[in-house]
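Everything on this sheet refers to the single structure shown next.
Just so it is clear, A, B and C label the chains in written order, and each chain counts residues from 1 on its own.
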Amino acid sequence: MRELDFLGATMLQLLGGVPLTVGLTAGSVAVGAVLALLLALLRANSRPGAALVSAYVFVFRGTPLLLQIFFIYYGAGQFAFVRASVLWPFLREPWCCALLALALNDAAYASEILRGGFAAVPKGAVEAGRAVGMTRLLLLRRVVLPLAIRQALPAYGNELIAMVKSTSLASLVTLMEVTGIAYAIISETYRAIEVFLCAGAIYLVLNFALTRAVAVLEAKLGPAGT
Amino acid sequence: MNTSNPFVLLGFGPNGWGASLVAGAAMTLAVSIAAYLVGLVFGGLAAWARIAGPRPARRLVGLYTTVFRGIPELLVIYLVYFGGSEALTSLGHLFGRSGFIGLDGFLAGTLAVGLIAGAYQTEALRGGFLAIPRGEIEAARAVGMGRLLMLRRVIAPRALRFALPGMGNVWQQVLKESALISVTGLSELMRAVNVASDSTRLPFDFGIAGFALYLVLTSFSGGVFRNAERSLARHERAR
Amino acid sequence: MSEAVIEVRAVRKRFGAHEVLRGVSLTAHQGEVVAIIGASGSGKSTLLRCIPLLEAPDEGEIVIGGERLDPANRHQVERVRATLGFVFQSFNLWPHRTVLGNVIEAPVHVQRRPRGECVAEAEALLAKVGLADKRDAWPNELSGGQQQRAAIARALAMRPRALLFDEPTSALDPELVGEVLRVIRALAEEGRTMLIVTHEMSFAADVSSRAIFLDDGVIAEEGPPGQIFRDPATERCRAFVRRHLERHLGR
């Protein structure tokens, strides 16, 4: 039964990394969502804004997340003025850098998803809102956004799972989330398969919970637009 | 004393890192192509099993795509790299080969990223198959085509045409995931950027160079896929 | 003469090189039911959409309840739109709200009336259009005829001073047209001010108090329904009405 003992002990150690994995995901997704909304609105409302946003999306979707994380974590510190600035205590922290990189990356993907959602809002629904005298803000809040979000939700659910997976890269800037702990155990014990099974199970459970949550939200928001 | 002139730094002279970055980019391209091909094999087999296989095979494919699309890529790379001997030995048994098989970064990276790519490729190929209008298959049956002929002349080309956008996405993903193979010490682009950054203490400059090189790779190869899509769809009228 | 609710004064509207409305004027008084007929492309839908400024006229004026609309004054336009009920050809229900949610949306959020009061009134309106049992259904669960009746309830919930119908039965399967026309007829009999763009000639002849024949962006003929539908003065109107009545009888 030594095998089971090892699996149990490994699992226990790995579970210690779950709060950090979940925290990084929640934090970066929250910041990313706000950024994505701003990007999507900027893109829709001005021509130079649209060019800026597409350049942003091009860079963040066209390069590896690992490079983005390293660039923020190591790259910023190259300059004396950054090291002297008030932001330095934050930019020195791997937690802040990883969160920032993840959020910026998520924003690029999520803004594209949201753009697809906006494009799918039925014209008639917007027209009906105008016809009853809705202001532009009310129309956005009560008609356009709910429909765009509802439409984008399935794709956004996939993006959320991608973000859970992406937090594993934080381990490469010293953060001991689930994958970081897994690496430490593997390099100590050389039992990659067992550790993989335990860590993999944790991620699959997290993904399953997220998928369920999105499904519940979809049901709550009603059917997708036609 | 290191120079900080970017033209010298990124150049190909004795103090320049240009050659090493370009070599890294070439390695990234090589390992990505290898991984993509591995993924194509896995994905092709899995999609076939998913569409036409018996129930246990379909279950197995479901497990494969769920696991390798749901678990962090880095973890898969650790599994293959560190558990390489274990995994490869059992895989060797599967192909009738016994004994220990050594593993280097390129091989481990190719296999790991290929396994992941295969899981996504399965979905892309299956989606392509499902998108074929039923009538086209019926028409093939009506003119008396056999199963194999139909697969070769109708199903494969049509499925490819519908699967190609998804297959292009898988390629982009592979190209970016290949950066994670740097943890095995393989000198691909990400590693070349890291080495240059550490040696010169100019992580910002080399980070920018890394962004530029990756963007060249992703946008150039994206163009290749777009051309392929266009040429496969060339007979179709715009609707 | 009673008070003018809607006045359209010399409105012109062009889309690109094509001038859809070439100087149209019309007035709808309190309690009048005005039928607007004409061939496809004659500009009748555009004319109706110009009234709540869903399309901005290039020239001319829209006056609602004596108030001249200024397209640049968004606040005024929104306030006035809330006093008109617009029923679309394609229903345009909000797919993310239930039937009840659609009906109370604008009263609660645009007119800011108390929710409870709006719900009670919405339920009465749904009963009136025969959808009391569908209050919690989603729009995509309804037939076209039911969707359009829900859309009419939604328009009525604003307590509008006039109702504008833009081909309300054109998107419906033939067997669903009747249920919608019955609801509109009942509203006409209540003495509501209504403008109806429609291809249903016999229905228009029946419910309208005045009819307008629009031809190539201008009003070619206008008068009591007895004249327009039975004894038109112009040859084009005569041909148009005959064609549509025949099609209706042939069905």
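FYI, a residue touches a chain if its C-beta (ideal position, glycine included) is under 8 Å from a C-beta of that chain, and two chains touch if they have at least 3 such contacts.
Everything numeric here is computed off the predicted structure, so don't read it as measured data.
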Dominant interface by contact count, named by its two chains: A-B
Furthest chain, CA centroid comparison against chain A: C
Cα-centroid distance, chain B relative to chain C, in whole angstrom: 57
Length of the line joining the C-alpha centres of chain A and chain C, rounded to whole Å: 47
Chain centre separation in whole Å, for chain B relative to chain A (CA means): 22
Junction residues of chain A, two or more chains touched: none
Complex interface listing, chain C residues touching chain A: 52, 54, 74, 77-84, 86, 88, 90-98, 105-106, 109-110, 138, 140, 151, 154, 158
Chain A residues touching chain C - in the complex, by the definition given at the top: 122, 124-125, 127-136, 138, 142-143, 146-147, 150, 221-226
Residue ranges of chain A in contact with chain B within the complex: 58-59, 62-67, 70-71, 74-79, 161, 164-169, 171-172, 179, 182-183, 186-187, 190, 192-193, 195-196, 199-200, 203-204, 207
Footprint of chain A on chain B - complex, ascending: 66-67, 70-76, 78-79, 81-83, 86-87, 172, 176-180, 182-183, 190, 193-194, 197, 201-205, 207, 210-211, 214-215, 218-219
